[in-house]
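Both complexes below contain chain A, partnered by chain B and then by chain C.
Entry: the complex of A and B
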């Protein structure tokens, strides 16, 4: 994740604290999910940006996970994510998210 | 995890779901999107 984005995420957590903030990912690539997830939980894995060594410990979910989808207005979800949901490897995303959260 | 009333960081991706699409969805779920971006992972 680029340093500017890390800086903005750090600013959000500095302002609101980490108890009320949730990160929702949208990447489809398991490697991209791992990098983004690590960055907002245990710190920048590349040790290059403002979040290097900073454990924000934020909860992380994915927009394609059922527990997120069921909370979204179905029409909005269909318009914004519907086509992508059909073309992306949703099971690979679910698997990567479980791994990211240490759920096996 | 309930999203309603929570502050959300939407980290989208160009080859996945973009940040703007995530933000629209979460707003409809009653969450407050405090930061949104669309990364390009290569």
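Entry: the complex of A and C
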């Protein structure tokens, strides 16, 4: 995750605290998900950005997960995510997210 | 420091620990300290190797550290190459050095004798890699004799040393065969090298008469990405027509490679797949003819097995089309 995104997430948590903040990921690549998830929970594993050594412990979900999809206006979801949902390997994303959250 | 946007950063020295070095400090736990850190963008290191190598050499001569830890580079190719060079340069000055590489990192080809611990694909494996690098580094810096790779936990360096075993080779071989036939695990004593040496093709006799094929791993695809070529970890390749095209327009082609900042390639796809330049050469008579299609995949984090298969399939498609020379354009 690039330093600028880390900085924005850190600013949000500094302002609102980490109890009401959830990170919604959008990457399709399992490796990228792993790094992004680690960054907003345990801290930037690459020690390159503002979240190096900062353990925010934020809950992490993915825009392609059904629980997230349910909460979005279907028309907006279809416009913004519909094409991605059709073309990406959605099961690979689900599986990476389960692993990320230690759900086996 | 960051990602692709700072890949061109020239070498710079920092006192003490920077970035992952802070984790190293805690792993050393008083049994040593991070004296200095050399930072360099992996783009710079690979594009201006003379300057980068000289910076490493001068830094090592001045600091004379007891141990150099480079990386870990995980599966990042350019970074892995840089780390291997650092290990080689340290070796030239008899300074022990350790890096951390994913077993498929091409950096291993640069200096196979580097001591590299196996690392995960991504920085998510940072802590484990640094722990292994520190442990191996301590043993190297202590001057003790290291055992074989499989015992000490580093990646094989292609070095064999004579030694004694309890039982003769024939008995061990039969045991292995029995285990293999029974479907039980066994460990070969002569592992097959992970990388094949590819023999270069014979030179093209007369380029002015030859049919040239264009191949790219830069993921230049018709706009809309009809075959859904992936940004990374692609397993397939595609072919697209070139007939009647003089150049690749930004209105009709785009770059979907996820391993570099691809906006510039989207604005002018010819920078990656130089159709405009090759057409000019064709008109000048420098090459005979350009094949009427190009072959394309995403050369980003592709598994070695897929690279080999894709390479064979692309070569076969080119041969079938009467192509006598292929231009594989670097990204």
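In this text, the second predicted complex is superposed on the first by the 104 of 104 C-alpha atoms of A that agree within 3 Å, B and C clash if a C-alpha of one lies under 4 Å from a C-alpha of the other, contacts with A are read in each partner's own complex, and residues count from 1 in each chain.
Everything below uses one rule, namely that contacts are C-beta pairs under 8 Å (C-beta built on N, C-alpha and C of every residue); 3 or more make two chains touch, one makes a residue touch a chain.
From a predicted model like this one, the values you see are computed outputs, not experimental measurements.
Trainee: So in the superposed three-chain picture, is A:81 touching just chain B, just chain C, both, or none of them (first/second/both/neither)?
Mentor: A:81 sits against chain B, while chain C stays out of touch.
Trainee: By the touch definition at the top of the document, which applies to A:9: first (chain B), second (chain C), both, or neither?
Mentor: first
Trainee: So in the superposed three-chain picture, is A:90 touching just chain B, just chain C, both, or none of them (first/second/both/neither)?
Mentor: So A:90 meets neither chain B nor chain C here.
Trainee: Of chain B and chain C, which one touches more of chain A's residues?
Mentor: Between chain B and chain C, B touches the greater number of residues in chain A.
Trainee: Can A:54 be said to touch chain B (first), chain C (second), both, or neither?
Mentor: A:54 contacts neither chain B nor chain C.
Trainee: Which partner does A:38 contact after superposing on A: first (chain B), second (chain C), both, neither?
Mentor: A:38 contacts chain C only, not chain B.
Trainee: Just chain B (first), just chain C (second), both, or neither: which does A:29 touch?
Mentor: both
Trainee: For A:67, select first, second, both or neither according to whether it touches chain B, chain C, the two together, or no partner.
Mentor: first
Trainee: Have a look at where A:46 lands relative to chain B and chain C in the superposition and call it first, second, both or neither.
Mentor: Second partner only.
Trainee: Could you list which residues of chain A make contact with chain B in one structure and with chain C in the other?
Mentor: Residues 2, 28-29, 31-32, 35 of chain A touch both chain B and chain C.
Trainee: So in the complex, the part of chain A that touches chain C is made up of which residues?
Mentor: Residue positions touching the partner: 2-3, 28-29, 31-32, 34-35, 38, 44-49, 52-53, 87.
Trainee: Can you list the residues on chain A that touch chain B in the complex?
Mentor: Its residues touching chain B are 1-2, 5, 8-9, 12, 16, 20-29, 31-32, 35-36, 40, 58-59, 61, 63-64, 67-68, 71-73, 76-77, 79-81, 84, 88.
Trainee: Chain A touches which residues of chain C in the complex?
Mentor: The touching residues are 1-3, 5, 19-23, 121-127, 228, 231-233, 258, 301.
Trainee: Can you check the complex and tell me which residues of chain B touch chain A?
Mentor: Contacts found on chain B: 1-4, 6-13, 15-19, 21-22, 24-26, 28-31, 34-35, 37-39, 41.
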